[in-house]
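Below is one structure, written out as structure tokens, with a few remarks after it.
To keep things simple, chains are lettered A, B, C and D as they appear, and every chain counts its residues starting from 1.
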């Protein structure tokens, strides 16, 4: 019953935790060392033999964490400890592990590799979410509902068309993730201050070979290329870009979840609720949008974390200062875990989304007469009324009904009033026909359909 | 080798982790339930007997976490599960645990109690740090050193006097912590929306008893009083205040650690280094200010976390929305752990602070002739020189020496030049006497002494 | 039709703009110079005569801005230019203006003086707002209204009791402002790096006089004392404290304004609207909570600006670096102007606050049957029903009505159903009596009254 | 001598202020109205004649600001006032200006158009800066200088190679700006809630024409296309993207300027200083890196402003809430003005960058012996020394010299010591040859050249 942090315990998936586990980190260090040794061997560095490389590869997963911990306690240096532990199981390669490099060779490249893997995980989750959203857009594209500006009644839209708002923004987020995955570069093989000096010595002044080594290792590690210029580390601007993408996903989720919370109050749209779920002991039938609230909570965190990355980048001194280290070790896993968790929560909500169409219809019906003055005037004029007189009559009733609702707390009876006013000359039936919601939703359906077409293309 | 978050693993103390451990949280829930039952009993509520209270007290630490977890899985409700687990070991009191309250009764009061305990821990650490700083101020109050404005040479100060800058700000932080500890109020006994409705029913409409219950429970839980007005929760403005104090400590630490990093480059002041500590494999004698860098890294985190608390407060809707929950569960322990860790790192640095007095003296000696024109002119005029001529001569040499240093990369020989210029009529000896650093430090020593006096008073 | 910034144009008051006007700034510089000269004279510095001081005082407002601008263009130094301009109209004092100090003497002290004046302005506005709030709390303390947790129906409260939430937090903000006004210290008379070296020379090594000068000048400028330790500037932690208080006010305003926006949708509570105010061309009767939305917009700005002050403080190097200057010149006036404007907007809203009591009553009436199961059961049992049977019956109806509302979009008829169920044995009349809202508001009225009593005491 | 905000007064260019001037804003509104009318006419809407469009075009710049202000005071609505003022000078078109749209049609499209223009301005400034940087990289690509990690001596690099760090990041920023300029979409013609309902009515239900109108207007306004989905406004995620790019430029500038400030202390690299520029009255030869400090100050502002845009986006409710308005009116011009100003300051610094090559060389010379143990050992072994003995000897001297420097404040005499140690068998000449800095800079020159090649390609 010791302290465990809540993200590890609750707000993360096994998949993401595995990516950022010590096992995966150390394994990825080893992949970097293998790529380095293999590259050095391929470029003819005599110290590094194929046999050594084979030994390293064979022992990739043969990790003795206990030994490494012991060695770290001795040396106060985690990478030295890991080199030692790897060397213990690779007696032949022992002397050439890490040859020519500084700790940041494994640390930076590993950070980039794992972040890329994590981005791929995020990408898949986001694609799934977009699929779910597309299905709901399709189902509800023609379901009219009241629009809201200033959280006050506004021109109608449709339930599905409203969902396009979030889907379009998630699609934009997905494109950013895609671009990132495509363009992340390796830190590569650059030495202590980025000048590759030790490698130039190792390769007897052969610039071409040093340059090639950098490229070969980058490719072996799954990157198209490495940064031309690094300091001891890759530029922390890369981290800004990655975590901007996560913050942007979180921001979209927060906008969406906030809207769900607002619509839940109106009972138009709700989160799915389990059979056994209980609102509160006092009010068992209460259905609180708790997942949406949690999304808002955690999105705020991911959004606000972005400042850390800007500051860390801008405050790096010259060829590197260590003030990037501790904060990145906190923020990088946290941001990926939370973002993935947020997407998962949202996917749960969307897949079981409750739309109370009749409530939506009723609310709309109530408000339409207030919005349709122009349509009513035109129809009344056709029936022989005077435009000015009708305009006056409608205004009169609207003001009276607003008063009735707000001051007396009574029902909206605008439709009845209009129908019974002889100046307007329209029956209730005629008015109702006029107030057909589908007339007021404009191009909602078509926009939703066009959006879905585009979405299918982009996510194919 | 699963994922463990780095704060739990590295950047926190046992003491702070214990405070935020599940054991302490659940134990504190129980303290709240005991206080509630005891208060209800004392105020004559028949359902709640002294026997029940005694049973609850006796079983305070008799916590079956496994049972609680099981129950939580069933009910999806952590507090219900804890009530159940407590009830299991308290068969008599079973029915009256939590009587009249909502989950936030235990959650909010526990958050306040534990944060108060954590503030006490921070307070002690900060007091220790101030003690260490005071000792160094005292030791170095008379050691002259170059001042720096724009990170360029400026009027001299002393090493100890400079340390007063940080100490004064930490003292201000300490006062804020003290005020907080004194003024934190309980959430008390308020019910679902803060109106105490259920309690009014329980006490048959007796307002006075309900009010007293709130006060009694607050006192039993260690608070002077409870908030007059709460919603379901205590106002999250209280959290803003607490975490502003932590952010402020971190900011002071960041300013201090940054200065250490700057002075380390000049070798004037350094972190202590262990015998075995190794700079880097290529440069074993390099002494990197790694603790100061880590302080900068983590302080940035705590400072930026503050935005979360402002947003969480301002975005709470009406009598409460749940978007405060997840983010507070992340941030509250994180901020306390990191702040305490930052103070500890700084205490380590200060207690072993390395001051290279001779380097400091030499740098000052080099720069003093540039700053002392007025003093030189006065002395020269006394010797019979013409003020204007001497002024001109000094300027000539200063420009020439600046050129010599910057363009030719040579030593500063201003003193020699001035001494050998017949227009000035001062020997090197005379000049050196004139350039006695202690003449230029103004009231540094006295200010340091006065500050220490005030410090002793405030921290007594 | 040139560019003018929108804060100057719209979001600020004449009073606040005057405080931060160049005229007031330069005038305050002169007050600092007068205090310095007067202090020097009083402490016996021969260069500074009473005649000079009198001349300076006489010409306090005789400011030639054109000359100063011209001089600034020549010297590239604003303070040198101002000294020159002052000297032009004070030929006797010309040589002793600014004697012994560095630019930050006038800049820092002026920043502190003007910020203190601005805090006083904020304080008065906040007191007025609290008066307005108190009146509304008093008016509506007994008006029952639905509580909301998760923006879902919760136990009733009263309109006035809800307003206490904001008032209590504003009261806490006001106390912070009060503390600030009381505790702001002067930067005083400290010289280039804070050591007072030039003054020690001026006063021939008399420490006591230098110390006294610092105190005298601080008092003349309206402060109780000056900071013991400064660098070239006063500690920027003071700015953090001031702007935390402004951010805190803004946060309270944002919480309040957000709640108004939520309640506007429900038509329970609204901003006042002018007779001529038009919602939108399409929907003239729409009443958008535009002031509340603007408050949310601008509060966000003030809250987020706080990060600037933390960063500026923490990034100051050694005895001072200039990276504090430009950002403070932007943020300090901006924050004061916006905060005052936010309070004014809110005062406008509160003073004309529209409460639609009948809507509030109706909404509550609709929801009460869902919350009152316990009360209904007790009454039914008294009438001879079986507890278990009644419990079952209520649950049955509640589920059915929820379905009816959500799925069919129909009215809530729970009351009717309960009244007509023979198992329950209560007439509609009896049920209505049972569901008297005032029974469910707990201690709302008393809490509001107690709060008002406390408020009166604190703001007296 | 009224209040004027400092950004308008000091930290902005005429060009940028003109873009955000009221004149340009109103003119752009009119361009939107012209595009709308023209589009409506082209698509056969009878109400809108070619004559009207011609009249509108003719009067584009015939703006009566006084009339508009008067009308705004009357109607409390800025867009209505502008429509009126335009109508006054276009009597024929009067009735059809703005036909079918809501205020956000002109506001959003104008915001996008002006931001795009501002991005183009930023782009040109950034290209110029990169040109200046490229020239300096080229000049100093082969000038060896000490590298710094932890702000402690590290493997050498070259002055030009170090400049590549900033240039590469600015190049990345430039690419982001380019992408933005290419991809910004119009808000287009969407109506009140984005559904284009009024236009569907205007075009008698012809979906195709409504869609075309949206596209035509977008193209007329200089965009490739318009957003498929908008609410009343374009998605505020677009603003996040734009202002992320500005924050990113500022962050690069802050990193660069911080490094200049650090290197200024060491006198390796300095800002240009004017002939007349004066450090301080006490120290006239002091050259403070004031522009770099100002860059740090203002960059902090732009970086921290980004949070506003994230929050504004995420807090938008449903089809639109007005809490985006006031904050965007503050932040959008501010961010563009400051970013452009920051780039200008940096361009000034880079174009006159002072590199003190001899100081750089001397510092390097001093540190090289500490870094070159491996090279010395190899050479000594070639001369017949024993590897282990030499290793021991070097270590001995290094420790002694470190002590001599730090404890005694004396010069570094490591080279002399090594030369005179018989165990090492190398003369001072031989050692100096060995310690040729160009041997230690690795691929710095080649990396700089390769970078410049790539840069030329990207910015062509």
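To be clear about the criterion, contacts are C-beta pairs under 8 Å (C-beta built on N, C-alpha and C of every residue); 3 or more make two chains touch, one makes a residue touch a chain.
Bear in mind that the values here come from a model prediction, so they are computed numbers and not experimental data.
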item	value
Same or different contact residues where chain B meets its copy chain A, judged by the half mark	same
Chain pair, A-D or A-C, that carries the greater number of C-beta contacts	A-D
Chain centre separation in whole Å, for chain B relative to chain A (CA means)	33
Length of the line joining the C-alpha centres of chain A and chain D, rounded to whole Å	26
Length of the line joining the C-alpha centres of chain A and chain C, rounded to whole Å	34
Numbers and ranges of chain C residues touching at least 2 other chains	148-151, 154-155, 192, 261-262, 280, 282, 288, 290, 293, 304, 307, 311, 315, 317, 321-322
Complex contacts: residues of chain B adjacent to chain C	147-151, 154-157, 161-162, 164-165, 168-169, 172, 191-200, 207, 210-211, 227-229, 231-232, 235, 237, 240, 244, 247-248, 250-252, 254-255, 258-259, 262-263, 299, 303-304, 306-307, 310-311, 313-322, 440-444, 446-447, 450-451, 454
Partner chain B, residues of chain A touching it in the complex	1-8, 11, 17-18, 20-23, 26, 63, 65, 75-77, 102, 192, 261, 274, 276-278, 280-282, 288, 290, 293-294, 296-298, 300-301, 304-305, 307-308, 311-312, 315, 317, 321-327, 329-331, 333-334
Touch list for chain C against partner chain A, complex	148-155, 261-262, 264-267, 279-280, 282-290, 293, 307, 311, 356-362, 370-371, 395, 398-399, 402, 405-410
